Structure formats: C-alpha cells, structure tokens
Amino acid sequence: MLAIGLILFPVLMAAVAFAIPWARPRIWLLPVTGAVHLALVAAVWRRPDLAAGTAWLALDALDRLVLLLVSVLFMLCSVYAMGYLGYRRGRSSRVFCGCLLMMLAMMSLVAWSHHLGLMWVAVEATTLASAPLIYFNRTARSIEATWKYLLVGSVGIALALLGSFFLAYASWHAGMPTSLILEELILQAPGLSTPWLHAAFVLLLVGYGTKMGLAPMHTWKPDAYGEAPGLVGAMLAGGVTSCAFLAILRVYRVCAAAGEVEYAARILVLMGLVSMALAGVFMVGQRDFKRMLAYSSVEHMGILIFGIGIGGAATFGALLHLVNNALAKGGMFLAAGNIHRAYESKSTEDVRGAMRRLPVSGSLFLVGFIAVTGSPPFGPFLSEFAILNGALGSGRFVVSALFLLFLLIVFIGMGATVLSVVQGRPSPQARAGGYREGILTAAPGLIFMGCVLMLGLYVPGPLRAALLEAAALLEVRP
Amino acid sequence: MTPLFETLLVLVLLLNLVALGISRIRALIRTVALQGIVLGAMPLFVHEHIDVRVVLVSLVTVAMKGMVIPAMLQKAMRDVQIKREVEPLVGLIPSMMLGATATALAVALAQFLPLAGEHIVGLVVPTSLATVLTGFLLLTTRLKAISQVLGYLVLENGIFIFGLLLLEAMPLLVEMGVLLDLLVAIFVMGIILNHINREFSSLDTRQLSTLKD
Amino acid sequence: MSMSLTLLSIVLVAVSGCPGLWPGGRPTRGPASQWMATMLMLGGAIVGGIACLVVLRSGQAEELDRAWFLPWGRFALRLDALSALFLLPVFVVPALGSIYGMGYWRQAEHPENGRRLRFFYGLLSASMAMVVLAHDAIVFLLAWEIMAIAAFFLITTEDDNSAARQAGWIYLIAAHLGTLCLLPMFGLLAAARGSFMIEPLPVEAARGISTAVFVLALVGFGLKAGIFPLHVWLPGAHSNAPSHVSALLSGVMLKMGVYGLVRTLGLFPAPPDWWGGTLLAVGAATGLVGIVYALAQHDIKRLLAYSSIENIGIIMIGVGLAAVGRARHQPEWIALGLGGALFHVWNHALFKPLLFFAAGSVIHGAHTRDIDRLGGLARRMPRTAVLFSLGAVAACGLPPLNGFVSELLIYAGLFGSLGLQGGPTWPWAAFAAPVLALVGGLVIACFVKAYGGIFLGSPRTPDSAAAHDVGRGMLWAMTALAAGCLVIGLTPGLIIGPLRQAVTAWTADIDGDVPIAALAIIPMAWISVMGVALVALTSLGAAAWRLARPSRATGTWDCGFAAPTPRMQYTASSFTQILVAMFRWALWPDQRRPHPMSRFPTGGHYRSHVPDLVLERGVLPAIRITARLLPRARLLQQGKVQIYVLYILVILIVLLAWG
Amino acid sequence: MLTTLIHVAILLTLPPLLLGVIARTKALFAGRTGPSVLQPYWDLLKLARKGVVISSTTTWMFIAGPVVSLAAVLLAGLMMPMGAFNAPISFTGDLILFAYLLALSRFFTTAAALDTGSAFEGMGAAREVTFACLAEPALIFALLVLAKLSGALSLSPMLHGPLLDAWLHAGAPLLLVLAGLFIVLLAENCRIPVDDPNTHLELTMIHEVMVLDHSGPLFGAIMYGAALKLFVLGALVTRVALPVETGWIALDWILFTAQMLALAVVIGVVESVMARLRMKQVPTLLIAACLLGGFGLLLLVT
C-alpha cells in the first residue's frame, strides 16, 4: 500500500508535470512531491511494519536506508531547483520537472523491489529518466555527455540483465524452482551451481558497477556530472549511485548466503582499490572542478565496495559511508553549481576567490572538501576510520597501506583544485557578474553540510539501529 | 524438441555475421530487424506445449524488435541526411573474422560451463554469448552513432536468447518491462541521434570526443 | 572539580571567536566583538590555569568517562599532571596572544579576515586543550584534526597573498599525511588493546605491533612537531601567518606533536634501546639543522621558525634520553631527560611567543621582515628592544633566564648516561651533549645577529628610521611573557615539584614513582643564588657607570674613514657569512654575486638566499614530478565511446578469468 | 673561610699579572727587555681614571657589554677550583653553568660591538661568535671525560677526584683532552695562533677590533675581564695538566701560583714561536680540538 504511494505518487506528479502548460505551478510540484515522499518515508521509518509488502516489493533495513537518502536528497534538491529554474527562465521546465519526478519514482522502486528482474527494470529506468536532465543545457558538450552516459550505461545494464538470467539459471541448473526473488534466492543459495553463481556475480557487479561508476566502467561519469546542472549531479552522485550500490549489495547477499564470500570479497576489494587509484590519478592536476567532483565520486564508490569487501567491522563503516557520501556529495554539487553559475566557467583558470565572490557556496565547497577527504569532525572520517580498522583488524596490512596511500593522493589532487577555486581574489569581470546566491540556492547546501557535520559528532539512535540491522543482513559469513 | 528451433539458432548466428559484414546502414537495420523477428519466433518452439503467455511474449517481441524499433531507426535515418555507409573502425572483412572467432570462442566456452541436461541448452548458450560478443564488436568497431545503437540491439538480442532458457521462470511483467525499457532506450537514443545530427551535422562519433582529460 | 573547570574554560575559549561571526558588518561591532573575544579568552585562561595548577600541585589525575553518541569509542577525558603541564601553555599563550592581537590585528584595520581569524584562534586553542585531555583515540583524533584545520585557516588568514596560500597548502598536506599515519597507529593500538582507550599496553599485546606503532608515531607526531626532515611545512607557515598566530603555532601547537609522542611512548612498558637512540639522533640532527638554517635566514620570522625547530630538537634529545632510561630502568635518566624536555616545553612556550610578538611589533613599526633592511630600532622602539633582548637571551639558554635551566637538566641527564655513580651506562647518549653545546654556540651567533641586525647600529632604510614603538596592549602581553622568563630563570626551584608530578604521571603505571632526588640532584637554590648574584653585580656595574664622569658622545670611530653611511654597516647576512660558508655543504646557499669584468666595472648586486633543502630540492621536485607523471594515465580517458565500451568487455573477461 | 678569602683575593688580583708575564716572555724571545710584568696593572689604573667617549649610535647595550661580561666571568671564576683547593661555590651541574657564563659574556660583548654599527666591530663580532661556537663542544667533551673519570658532576670534586692516578690508568684520553683544552684556552682568549692581541691592522683582529669604540673604564673592564677569563680557563688547564698537591696549605697556594705563571710563560713561548693562522684555518684547528676531545671520550667509554 505504502509502496504504491511512494512509487506511484511521483509517477502521477510526473505525468501532471508533463501535462500542465504553466511553468510556475509545475516548479511547485517538485517540493510538494518531495515533502509528501519524505513524509511517507518518515512514516515507514517510524513504523516499519507499515512497509510489510509482497514478495516482490519489500523493505528491509538496507532499503529503508537508501530510500531515506533518496528522499532527503530529492527534498533538498527540489528546493534548490526552484531557485535554479528561477535563474533559467529561458529553458522549458517541463522535461526537467517531469524527468526529475520520474527519477524519484524509479529510485524508490529500486529500493522497494526484491525481484531482481523488476529491480533491473527500475535501474534501467533511472538511466533513461536522467538522460534528458543531463541534456538540459542543450549544448554540444551536453549532447556528447548524454550520448556517452546513455550508451555506456545501457551496455552495462544489459550485462546486469544477463547476470540476473545467469543467477536464475544457476538455480534452475541445480534443479530447483527458478526464481529471481531475493529472499527465495538466499534460501536456496547453498544449492546454487557455483560456476554460474560466480559468472552471475561478476556480470552483475560489472553491470551495476557501471551505473555506480566503479573504475574502469566509470568513463561516463566525469562527462555526465561535468555537463549536467549541479542538482542533477547531486541526484546522480547521491541517489542513483546509492541505488546501484544497493543492487550490488543484494547480489552480494546471495553470494554470501551461498558461502562464496571469499570469492566475492576478493573481487570487491580489487575493484575498490582500482577505483580509488584511478580516481586519484585523474584528480591530480584536474582543472575542471565539476569533473573533479565526479572523480571524487568514483573514489568514494571504491571506498564503499572496498569496505564491503573487507567485511566485519568495515561493513558498518561502509554503510555509514554510504550515508555520508550521499549527503556530502549533494552539498558539494549544489555549491559547485552555484560557483559555476557565478563565474560562467568551471575551470580553475577563471575561477578564483569563490569565498569572496560567494561567501556561502565558496565556504561550503571548502568545507565539503575537508569533509569528503575524511577529516574530523565530519561523518566520512568516522566511516573511513571504521573501514581502516576493519582492514587492520583482519590483518590486511598491505591493503590498508594502499588504502591510505590512495586517500593521500586523492587529498592532494582534490585539495589543489578546491583551494585554487576558493582562495585568492576573484577577477574583476567575475566580480562584476550579476549572479547572487539566494536563500533557495544556498540553504540546501548548508543543510547537507550540517547533516554531514552532525554525523561526525552524533549518529542518531534510529539511524544507528538501522545501520546495525543492515550490517547484520550483510554479515552472514560462515 | 523441434529441429526448427536449432535452425533458428543457426540463423541467428548467420545474421550476426551478416550484421558484421554489411556495409549499408539501412541494410544493417533490416538485418537486425530480421534477427528480431527470428528471436520473436523462438519462444514458440522452446517447449512442446504452447500457452498464451508464450504466444504473447513472442508476439510482442516480434512487434518490438522486428517492426517498431527498426521503423524508428529507419525514420531517424530518413531525418538525418547522412552518408549511408557504416564507416567501420575495423574493416568489414576483419570484423567478420573477429565475429567468427567470437562465435568459435563462445562455443568453446560453452563446453566448459556446466549445463543442465536438456540438449537445446548446448546450442542456446553459445548462440547467446556469440550474439552478445557480436553486439560488443559492433559497439566498438563502428564509427557512426546509429550503428552503435544497432550494436546495442544485437547485444540485447543475445541476452534475450539466454532468457529463453528461463521462459517459464521469468514472469510476464518482467519480460514486458525489459522490452519496454528497450523501446524507451532506443526512443531516447533516437532523439539524441537527431540532436547530434543537428549539432554536428553528422553522426560521426569522432566528433563526440571533446570531453576528455 | 578541576576537570569541570577545565571543560568550562575550554568552552569559553572555543566560543571566544563567535561574537564576531554574526552576519552583517556594522563597523561598530568589530572592535566590540574583538574586545569580547579577548575577555572570553582571558576568562578561560584564568579558570583553566587554576585547574592546571591544582592538578600539577596535587598530582591527582581526574577522569571523565561517558558513553557518547558515536558508534565507536567513548567520551573519555583524563587530566593528569602530564596533561596539565602541556595544558597550561595552551591556556596562557592564546590569552596573551589575543590581548596582543587587539593592537596587532585591529578589526578596523582588517575588516575582511579579522572575524575569521578570531574564530579559528579560539577554535585552535580549544582543540589543542582537547588533544591534551583526550583519553580515547577517537576523541584525540577529532581534536587533533580540528586543530590541524583551524591552524590551516589561521595560516591562510591573508589568502589573497600567494605566499600564504602556498604555505598553507604545504602545511595542509603535511598535516593530513600526519593524520594518515596516526589513523593506522591508533587502529593497531585498538586492535591490540581491544578498545580505543589510550592506556598502557600489556607486554604480550605490545610485542607484535610496537615497532610499527613507534615508526608511525614518530612520523605522524614528528610532522606536527617539525622534527628534521619532516619540518618542511614549518618555516613557511610560521612566517606567513600573523605574528600572534605564529606565536601560537610555534609556542604551543608544535608541542602537541611532542605530547603525542611522549604519550605514545608512555604506552609501552619495555621499549628497545634503539627507540631512544633514534630519538636522540633525530633530536640532535633536528637541533643542528634547525639552528644552522636559522643562521642563514634574513627574514625575522623564518629565523624564529627555524629556531623553533632547533628547540624541538633539544626537547627530542631529552625525550630520547627518557626512552633510553625506560629501556634501561634508570629513573634518573627518565627524570632528567623527560623533566628537562617538559621544562623546555614550558620555557619555549614563554620565550618564543615573546620573540614572535616582538618580531610582530617590529613588522608593525617598520613594515618589513627583512633584517637587512632594519637596524637602529633600539633607539626608536626601546621597550620592544629590551623585551626582544630578554627573549633572545632566554632562547640562547643563557643564565639567568629560564632557557638555561631546562638545558641544564638535559645536560645533567646526558652526563649521567655515562654512569657516573658507577651505575649502568649507555655512553652513546653522552655524545649528544657536545652537539647540544655546538647548538648553543650557534644559537648565540644567531640571536646576536638577529638582535644586532634589527635593533642596533643605525637604520638601513627610511622605513626603519621612521619606526615607532607599539601600543600598550602589545607591550603588556610581551612584558608578561618576559616576566615569566625572568621569574622561572631566577627561581627554578618552583618548577621542580610540578615537573616531578608530570614525570611521575608518565612513569607511574610502569616504572613506579620517580624519586624526587632524581630531579633534585641539581640544587636549584644555587642556580637562583648565582642568577641573583649575576643581576646584582650587573646592576652594581650599571650604577657605577651612572656615577662615572659624564662622557662625550661622537660618531662611531671608523678607523679614520671620514663619512660612514648606514649602508656600510655589517649586515646580518654578512655577520653569519663565515658560518654559512662553513655549512655550505649542508645549506647549498644560492648566491648571486656580481662579476666585475670591464676596466671600469658598473655597479652590481650581491644577493644570497638559503632555500630549505628538504623542501626546495626534495619535496617540491618530487611533487612536481609526480604531478607530471600521473596525468600520463589520462590517455585512458580519450573521449572515444568505443574504447569505453571495450573497457567494460575487458574488465568483464579479466574478472571472469581471475575469479 | 680562609680558603675562600684567598681564592677571591687571588682571583681578583692575579690575572693581570699573567698578561704581564706573557708580554715579558714574548719580549725576551724577541730580544727586548719589554715592559715590567706589572704594566697591565698600571694600564688598568690609567684607564679607570680616564673619561669616556661613546658613539652617538649606541644604546644601553654598549655599556651592558663590558659590565655583564665582567660579572659573568667573575662568577665563573668563583666556581673554578684553584690547584688543590675547592672553589668557594661548588654544586652539582656547576660545570654547565660555568660554560654558559662564558657564553653569556660572549653574547653581550658581541652585541655591544654591533651596537656601534661600525663595519669593523661587526666583523670582529662575527669572527668571535663563529670561532667560539666551535670551542664550545671541545670544552664539553673535556668536561665529559673528566666527569667520567671522577664520577662527579661538579668542577671542584671533578678536579680533586683521583685525577693523578687517572693519569696512570687513563693517560691517553687525558692527554688528548688536555691538548683540546689548551687549544680552547688559546682560542677563547684570542691568543696566537688564533688571534694576535697586539696586531695593529684592524682587518686581522678578532677580539681587539670588537672593542675599538670602548674607552676609559669600559675598556678597562674589558681588559680586566679578558685577563680573568684567561686566568680561569688557565686554572682548569693547569689543574688537568699537573694535578699534584703537597698537603701543606701555604705550599699548595704557592704551587698553584707557580703553575699559573708557568702557564703564562708557556703561552708566551707558544705565541713567540708560532705564527698566527690564516682566518680560514682557525675553524680547522678548533674542529681538531673537538675531535681530540671526542676521541678521548671514545677511548674512555669503549
């Protein structure tokens, strides 16, 4: 019942957005939908029993987590969008609002769907819904970005579908009733035929990993994030990636239930380190601060996967990091969007002294950098420290050393770019620009960073409980 | 199990090679359309008993893969007045060779995979893998954006073939969802193609490499 | 009781900067908020200072241990004598600094960054206090990193100046590298202890990890303390920050590194000899390198920064001796080594801020940091001159000021390592004593140069000729510090009690209490007597001079040369030219001297500049090379979608094959 | 008590005599009769009565120079035992205070030199601090060796410890140390071969050029201080060289005085037979002194 509300209401609103001809009310649809959605999610959090769904649509702790993230992101981004669309009167907001709402619906569906086939459909749908958003600016560069996003993404997703079929076949092959419903798969996991399971895991990891942006399938990411409007970047980096991660976690649960943890963990750790390394390499000397954010997102996806691969204490850390990353990225992308607007450029050659030109966004950008590179008192520090402790505790010293090394490279690469953006004096023509940050465009970022700061000093009880529950779901090691 | 089914599979393999070897885009589109129709026919022959679900699936598949999508692409071609050649990155003959090798590899790989007793499986899995690889070949060796769309279609076809194995396992809803997604994907790609052409007055992906590090 | 007092004062200090943060810039609020900030700082300092003194007197440790809202660790604080000893400067220096700042960094003169500076000034002080109090790794790391970041914002107060930006950037990298060493260190400790509490390890738990922990601690804390060769961030940061910030960084923040190292060493029951040996060697090297570089500088604040490095070296020698003492179970060595080191921590926290304040006043008055462009200020800023000279004498470790006493303790310990009372010996430590002496000699050269170049002779530029003495507030702050130096120097006996409590707090868990005799082998009464005698004799001489017949004043005699100009004076650079040449092999000074060619050579300029070898020829080139090499990998991202799809296929095959 | 009085008396009166003896010795070597050995006293009296000319650029530091350094050296002298007799002031660690008092006097002398702002005095000050900071470690090495031998951390017991039989069982280290100490003595007191006290070319001077602008009582104080310094360090050297004592108080005092005068003669001889080194080579000499001390310690502890 609630599921229907959470998923269909945004779809309905999207339809309305496409239908009605007036821009003003259309813009208002966003925050309204966001608020309703958030309210429903809150209800689910208060009374999980409300979420008692069918075998296809269910909601465990993990899903609740992702659902909350998506909802919060959308809420704040929709507020931001009102300010943003105010600046972009030239553009028709029809497609923009419609697709944004559609994205929300599909992401909620991903969180809900426990049928791998259905989940696949939803994930692919998020891709399709977000493509027009990336193309919002209608420039040659944005077309190119959209094209790559679409093609690379679709190919990856296609592999995920193949992977799902493999999984089904693995059970069919073992002579069991085939089904792609998560719970049933987990039940019959021990009997699954191992080679098919392995193949399925790799395919699904690569497939959803493409969506998540793990190196080397991350290639679409810098282009898409670089060209999309700031809030779309926030939705992609915070929401869509989380959904893809959720998909991978579900597959991982099947593997774990089948007693194939070592196999899966090995691959996850490898992919995680590769992603961190590549991201770091591309961040050093990065001139374009939005592309830099994209690579930072790649790095953090790597950290998530790495943490899951390490397992044990690190699992909790990885899940906490999921929350931190979504919020921090949201804040940084919104700030980056404002800076981009104000300077009409996203290259460090032109952008200087953002802290003087845009006090709030500039400071947010700097603070966000400090936060996402894992410095106290912000959330990511705790989660990364937990992951590191997990690695050390399990005696993986080399891996831990690499982890730290890559963190350092990322810090240096990111810091050079961020500092040159925020420090110094803006050029005269930059100061002359008409753009001023309003409450609508500044406040959401502040709220994001506020949450990140809070998570560094205080993890609320319910969240903590949910995290523990979710970690327990993933900790079925024999 | 009918020998017809195996013939269809062989036909699919042949169409892969044709798709790799063909030089005109319109012809390529027709080839893929034909492959779609063949695919659509397959579900009818997987099992003896034919229930309404299977028929529905096959009809929708034929309609989508065989008619609607090709029609959309043909229209896109008509809208964008461009040279009709495929412009391969790798020559046609070499890509056919590669396709043949891919097929051989697929068959070889299928020997390693533990397969359930049913004898059709022995052919289905290699065919689907070969088709997937063909799709990758088209995606990686063709310069025109539209031929990459076709590559993606072939890739999907390959996956669909594997899906035949789980025909009864896979709920109708999901089947339809998959096809719908495919349709929308191609639709959006078509729009993007159109914009690309308007922006760059060509579909040459060499123009689409300004975003890099 | 003292714990709650301390927490109260920490809160006061932390919020001291907040009144100014209120948005909207009515000029009237600026000074008001600055005044408020200073008052809060002072209040915090007084309350906290009392608490520290109570603990130092009784030696009773106070603990606070609460579960908190984070998934890991507990909110555990511990205030023992060792913490209190480090805590006192943390309260005193910032308070004086903000008083000084009221004159030095007036809100009216710095509307753009004044508020930010005061906010982070308070935050830095509070976080350092938390570092010292933390009894749980998570709390420690939180405080540690807040400290690092606050310091970064303070260093880049003038972020429109590129030098400050670069200094801040290098500092930030160093700080983060340090943190990245501390994370695994605490991780290992936690894995060994099973909890994040910072408490001594059982021997068997320590066995596996001790070496790794020691190395990580040495690098992680050494980066903060600025031991050679990890000092690279220090000179730039100190010279580009506002002077009262430099005072805080050098006087207090460096000591946080020392504190961390001492605490970590305190966790290990039986450290091997080589730990102490390493620390002694590092200390000696740091002291020597620091002072040699200081000699070669002609920027006052860079000079002071390098001299801080030298003092850290001296402290490290003491700590190293203590480590050897623990390895060899020699309470005397521990007491003298650690006692001397901790005592020097206090002394350095008194005279170095004094010197930085004085340097700030000079910059304030004469608008340059270049010693070779100053001179003759003693007649124009007499009070500042006297205060600077006091600081200089203290920094040289000369009697009757405080610097001498702490070095005396360390010397005594080093001599003691020869096993004078026929006890066991570890003579290698003794070889640090001559190094200490050499350093002492060089320090004198360095500060004679500094004082002479800045204050003596006649002004070398119009600016310095027009210099004027500074306002009352600034003088007041400096006077307080100078008084501290003098009092401690004349009555060092007062300090022995607190020192013993602190040393005992370090040893108690493992080696038991330190006999007071160990610290009291030096009769401090005699030191006082000699100091007083020295002062008395000097003032006697001065009195005699007053009574002497009126003297005639003329120009300086120049061996017959008629018209000497200020430019003919010996500059600070030429003063140390011989020494710099002597250490050319270590300094690689870059000197541009004119080569008069023609028969009637035209005028030429001689410029000499001594870059920091590790930074300019080691770290920066390394970074540049990496920055040039890494982007090679960009070939992976060439924008061809075909290639991108190929990556997917490749990784797929690789994983399938590898799995 | 009596010892203290005698100690102070000798400390205050004897030093200028050494200067006289040195000058006399050199004169004899040069084949001149030379001034009387008491000449330094007359000079001091004359200076004390003269007026003072001070440079208009100077500050209080110019006065503090001579005053502080004289005070410091006096106190140092009170801690240095004379021959067989303990110093009036002796406590654990006084040897460090001793070394640092000498350093204190150097700080103020050189600062006072810079106070005039004259190029020549700056040059002299530069040389002074440069050479002194190399003499410092040599002195400490020597003290380490003596401390190790005597097991004491204070000058008086250190020099009355079993120094005599130390010569028997640890002769080599002591010899090295003695050589080092002698070099330090020459360097610290600006004697040939390090510095030539009665050269007349400012460019070649070290100590003399620093005090060019001091005149009258101030200059007297400086001269007197220099003599004291020579005497105090000399006492150390002689004690290490000949740690003999008879046991009869009067005899020991005479013995000590004789030793000091002998030392003065030796210095005179050295100054007469040697040429002063080039400035560049002075550091080499002092580093050699350090190495001597270092080897001494090494021999002792291994």
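The first chain written gets the first letter, and so on, giving A, B, C and D; residue counts start at 1 in each chain.
As a convention for this text, contacts are C-beta pairs under 8 Å (C-beta built on N, C-alpha and C of every residue); 3 or more make two chains touch, one makes a residue touch a chain.
Since this is a predicted model, take the numbers as computed values, not measurements.
Participant: Remove subunit C from the picture; does the complex fall into separate groups, and which?
Facilitator: Without subunit C in the graph, we get A, B | D.
Participant: Among the chain pairs here, which one is joined by the most contacts?
Facilitator: C-D
Participant: I'd like the Å distance between the centres of subunit B and subunit C, where a centre is the mean of that chain's Cα atoms.
Facilitator: 70
Participant: Compute the distance, rounded to whole Å, between the mean C-alpha positions of subunit A and subunit B.
Facilitator: Between these chains, centre-to-centre, one finds 31 Å.
Participant: Roughly how far is subunit A from subunit D, going centre to centre by Cα mean, in whole Å?
Facilitator: 78
Participant: Between subunit B and subunit D, tell me the centre distance in angstrom, where each centre is the average of that chain's C-alpha atoms.
Facilitator: Subunit B and subunit D have C-alpha centres separated by 101 Å.
Participant: Give the residues of subunit C that touch two or more other chains, as numbers and ranges in rising order.
Facilitator: In subunit C, 631, 634, 637, 639, 641, 645 touch at least two other chains.
Participant: Got the subunit A residues that touch at least 2 other chains?
Facilitator: Residues 144, 147-148, 151, 155, 199, 222-223, 282 of subunit A touch two or more partner chains.
Participant: Which residues of subunit D are in contact with two or more other chains?
Facilitator: Expected reply: no residues.
Participant: Of all residues in subunit A, which touch subunit B in the complex?
Facilitator: Spelled out, the residues of subunit A in touch with subunit B are 115, 117-118, 120-121, 124-125, 127-128, 131-132, 135, 140-141, 143-148, 150-151, 154-155, 158, 161-162, 165-166, 168-169, 172-173, 175, 177-180, 193, 195-196, 199, 222-223, 226-227, 282, 286, 291.
Participant: Can you list the residues on subunit C that touch subunit B in the complex?
Facilitator: Going by the criterion above, the answer is residues 631, 634, 637-643, 645-646, 649.
Participant: Applying the document's contact rule, which stretches of subunit A touch subunit C when the two form their complex?
Facilitator: 144, 147-148, 151-152, 155-156, 159, 198-199, 201-203, 205-206, 210, 216-217, 219-220, 222-223, 263, 266-267, 270, 278, 281-282, 284-285, 316, 320, 353, 355, 370, 373, 375-377, 381-382, 385-386, 388-389, 392-393, 400-401, 404, 407-409, 411-412, 415-416, 419, 423-425, 456-460, 464, 467
Participant: Sort out for me which residues of subunit B touch subunit C in the complex.
Facilitator: 89, 136, 139-143, 148, 205, 208-213
Participant: Going by the contact rule at the top, pick out the subunit D residues touching subunit C in the complex.
Facilitator: 51-57, 59, 61, 63-64, 66-68, 70-72, 74-75, 89, 91-94, 96-97, 99-101, 103-104, 106-107, 110-111, 114-123, 125-127, 129-130, 132-141, 143-144, 147-148, 151-153, 202, 212-213, 216-218, 221, 283, 290, 293-294, 297, 301-302
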